[in-house]
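Structure, as structure tokens:
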Amino acid sequence: MSASDSRELRIVGFLCNWCSYGGADTAGVARFAQPTDLRIIRVPCSGRIDPLFIVRALVNGADGVLVSGCHPRDCHYAEGNFYARRRLETLKRFLDATGIDPARFEYTWVSASEGQRWQHVVTEFTRRIHALGPAPLLRHVSDGAWFDAAAPAAAGPACPCHG
Amino acid sequence: MDRFLAASQLTALADDLAQTGPVLAPIAEGGSVVFRWYRPGMRIELSRMASTSPKAATFPQTEPLLAVRREGEAKTPTVEATLPPRSRTVVLGCRPCGARGKEIFGPVFLGGVHDPYFARRREDALFMAVVCTRPETTCFCTSVGGGPADTVGVDVLLIPVEGGFVARSVTAAGEKVLAHALFAEAGARSAEADAVIAKANAAMPPQDDFRTAPEKLLARFDDKDFWERQSAKCISCGACTYMCPTCYCFNITDDDLGLESRRIRTWDNCMSYLFTLEGSGHNPRPTKAHRLKNRVSHKFSYYPTIHSGTIACCGCGRCIKHCPVGVDIRAIVRAAQEYGG
Amino acid sequence: MVEALKTAIAERLADLEMVIGWEMGFDALHATPLFIREEGDLHRLTLGPLAVHNLATYLPGLKGKKVGVVVKGCDSRSVIQLANEGLIKREDITVFGLCCDGVISHRKLREALPADLGFVEQATWHSDRLQAVVAGHAVEVRLQDILADKCISCRYPNALAADVLVGAARTPAPQPVPCQDAFDALPQAEKLAFWEATMARCIRCYACRNACPLCVCRDHCIATTRDPLWLGQENSPAENFMFQMIHVLHLAGRCTECGECERSCPVDIPLLLLRRSMNRVTEELFDYQAGTTPGQTPPLLTFQVEEARINERGW
């Protein structure tokens, strides 16, 4: 699928090894077309995902973060995703207070056999992120450094980028 | 040289100075007053002492030291020293203690070693300090060699008078700034300024005599019980050190950004466990008692012992006023001095 | 109230290594923690609207010692939460609980006075009014006008699970906090802009972290480790904000909303906006308020197979 916006955005996916990573694999083997914006990070279990992974990715400039694990009651480690579900839902509801759009983060459950479902999830989430556009970002340089860079720019002619 | 600046012209002066170089000024922001790099539209607030100190002018919290760049995996990286850009930096509206604070850095950064980053910032910085007309409950500048109209480290002294400030140059660089068109003739206001200074000096509370502090603090060096009691309420945060105009300890870290990397110097904090944590896992200052001992003794004992009696404290009182639990450095030094009668 | 407390402490002091309370600090507007080790220290004990500190913060550092602690309602929740998480042994702690009339916000007081707090010359409390002389001006301020935000929304003015309870129990009358409501009403983009501007002022002194009673990693915080590198040292708005995210998320379902983070901030960053938002989420999802029920497990340390308030997020 080619997204309506041709520019690729940065979407980070945290996928559990046993279900969703397998599901993505199944989708690939079945040659289901998928958007290419998602970069997948394989983790042992959705229970391994610290909500801070998601926040760190968003603060570092990810336009969207997708988490996917085994369906509840179907965790390879019996209860990892039960803990994950609480953490992820907590984060999702909290995000609004940070000024980061909660729609930029989503979590879902995809099993290893659900290739089609995986295709649907990735496509829908990518479409959503494209509709939101590139994420606004908090400034990554300190005030002083910002000023050091801004001062020569303000001076005009001496600035290398203004010739 | 004395000139006069109308209070209403302060913002115009800041706007003007900011066109030719960075201006660091106390800005009212979210209920707080902090030193910020001035940009037109910001509100300069002089009625109370800023929570943070003006040390960013000479010793910023983050100082990029090196930039490393690699064009590709196989290429040799380029390494470039990132010295601060050359431009006059004006600190507008600090207190005399804030200007004095940076003088403590000199022997450290320009003594045995020569730190080019500090050297450049120090040379380019110009301090326009406002005389304090009334001491706060936490002020003790006169006990450590300063005063409400102290001129150490100051280029221009701004003395509050009716309707504005008498701007009194202390250095040649300061005199140059006073040539600015916004300054008017001081005339008879000079005499008024002298009276303000005399009154400010008289308003200061009685001085502490810290002359015996170096030896008395050293005598308590191994007194675990003394330091445990003194530090009982300390929560080991860095508010005191980061607010302090004279604290100069730093950390150097590499920020790795793939093919680009930076080496930055950032403020460090002797109240933190990691400050002295060694690679072996050993930590010579494992408890907050060890760390508070170091902070107090460094300022009032070790530093003056090495640097001809100068106390490494400017008496601004920020560490007392902004301490979340009200640790009072004056009281600790006094307790050491009075120990055992 | 203070005399009754002194008596209660004097009775138990012999069995305790110390009792932590408050005394007057460096000026008439600041109290400071007091470590009572012998009866001779007791006369310094003070209570009232200046006793702002949550003394439960010291308890994890004193683990293994028999310690007494004086707590307000909000502080008592921290004691319960610490015990629930096994971070202190409840049986080692003697809790001297207060029925609290609220404490002041020094920031609000500063705004109510004609000059900075540092210029205070005298200050005395007359029940719920503060009479002060500041920079030569005599002023009177009502406690209710300078009450800390956490006291406005306080649901637990009377210390919970106290071994000794002092004072007359108060009926809680929680009100919405105006600054929280104003923040909540902001559009998303403005919230981000607000944090960017506010976090530019942060100096990363970690006073918020160290004052927090539930931030128990202390010397081993992931904010300062280099491996793994969670946080760069540059004090940019992004990194400063990231630290707040670490704090808030590590406190999710644990924060007792004592407000020490916000109170400790030397540059007045309204950190409780984030904590309150998170606490609202955990209460909404798990019907849970940290530190209100001894023996309770924090919600993120447990789960239910069928979650009552989380949908299965079908696609």
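Every chain is named by a letter (A, B and C) in the order it is written, and numbering of its residues begins at 1.
The rule is simple: a residue touches a chain if its C-beta (ideal position, glycine included) is under 8 Å from a C-beta of that chain, and two chains touch if they have at least 3 such contacts.
Please read all numbers here as calculations on a predicted model, not as lab measurements.
J.: What topology does the chain touch graph have (line, ring, star, complete, other)?
T.: complete
J.: Which of the two pairs, A-C or A-B, is linked by more C-beta contacts?
T.: Ranking A-C and A-B by C-beta contacts puts A-C first.
J.: Between chain B and chain C, what distance separates the C-alpha centroids? Give it in angstrom.
T.: 30
J.: Take the average of all CA coordinates in chain A, do the same for chain C, and state the distance between these two points in whole angstrom.
T.: Measuring from centre to centre gives 34 Å for this pair.
J.: Just give me the whole-number Å value for how far the CA centre of chain A lies from that of chain B.
T.: The computed centroid separation for chain A versus chain B comes out at 42 Å.
J.: Pull out every residue in chain C that's touching 2 or more other chains.
T.: 200, 234-236
J.: Which parts of chain A, given as residue numbers and ranges, touch two or more other chains?
T.: 142-143, 145
J.: Residues of chain B that touch two or more other chains: which are they?
T.: 36, 61-62 - these are the residues of chain B that touch more than one other chain.
J.: Can you list the chain A residues touching chain B in their complex?
T.: Residues of chain A touching chain B: 142-148, 151-152, 154-155.
J.: Where on chain A does chain C make contact in their complex?
T.: 51-52, 55-56, 59-60, 72-73, 79, 82-83, 85-87, 89-91, 93-94, 96-101, 106-109, 117, 120-121, 124, 136-143, 145
J.: Can you list the residues on chain C that touch chain A in the complex?
T.: 183, 188-196, 199-200, 230, 234-239, 241-242, 245-246, 248-249, 252-253, 273-274, 277-278, 281-282, 284-286, 299-300, 303-305, 307, 310, 312-313, 315
J.: Using the touch definition from the top, list the residues of chain B that touch chain A in their complex.
T.: By the definition above, chain B touches chain A via 19, 21-22, 36-37, 56, 60-64, 84-85, 87.
J.: Applying the document's contact rule, which stretches of chain C touch chain B when the two form their complex?
T.: Within the complex, chain C contacts chain B at residues 25-27, 30-33, 35, 53, 57-58, 107, 110-111, 115-120, 135, 198, 200-201, 203-207, 209-211, 218-220, 224, 226, 232-236, 260, 263-264, 266-270.
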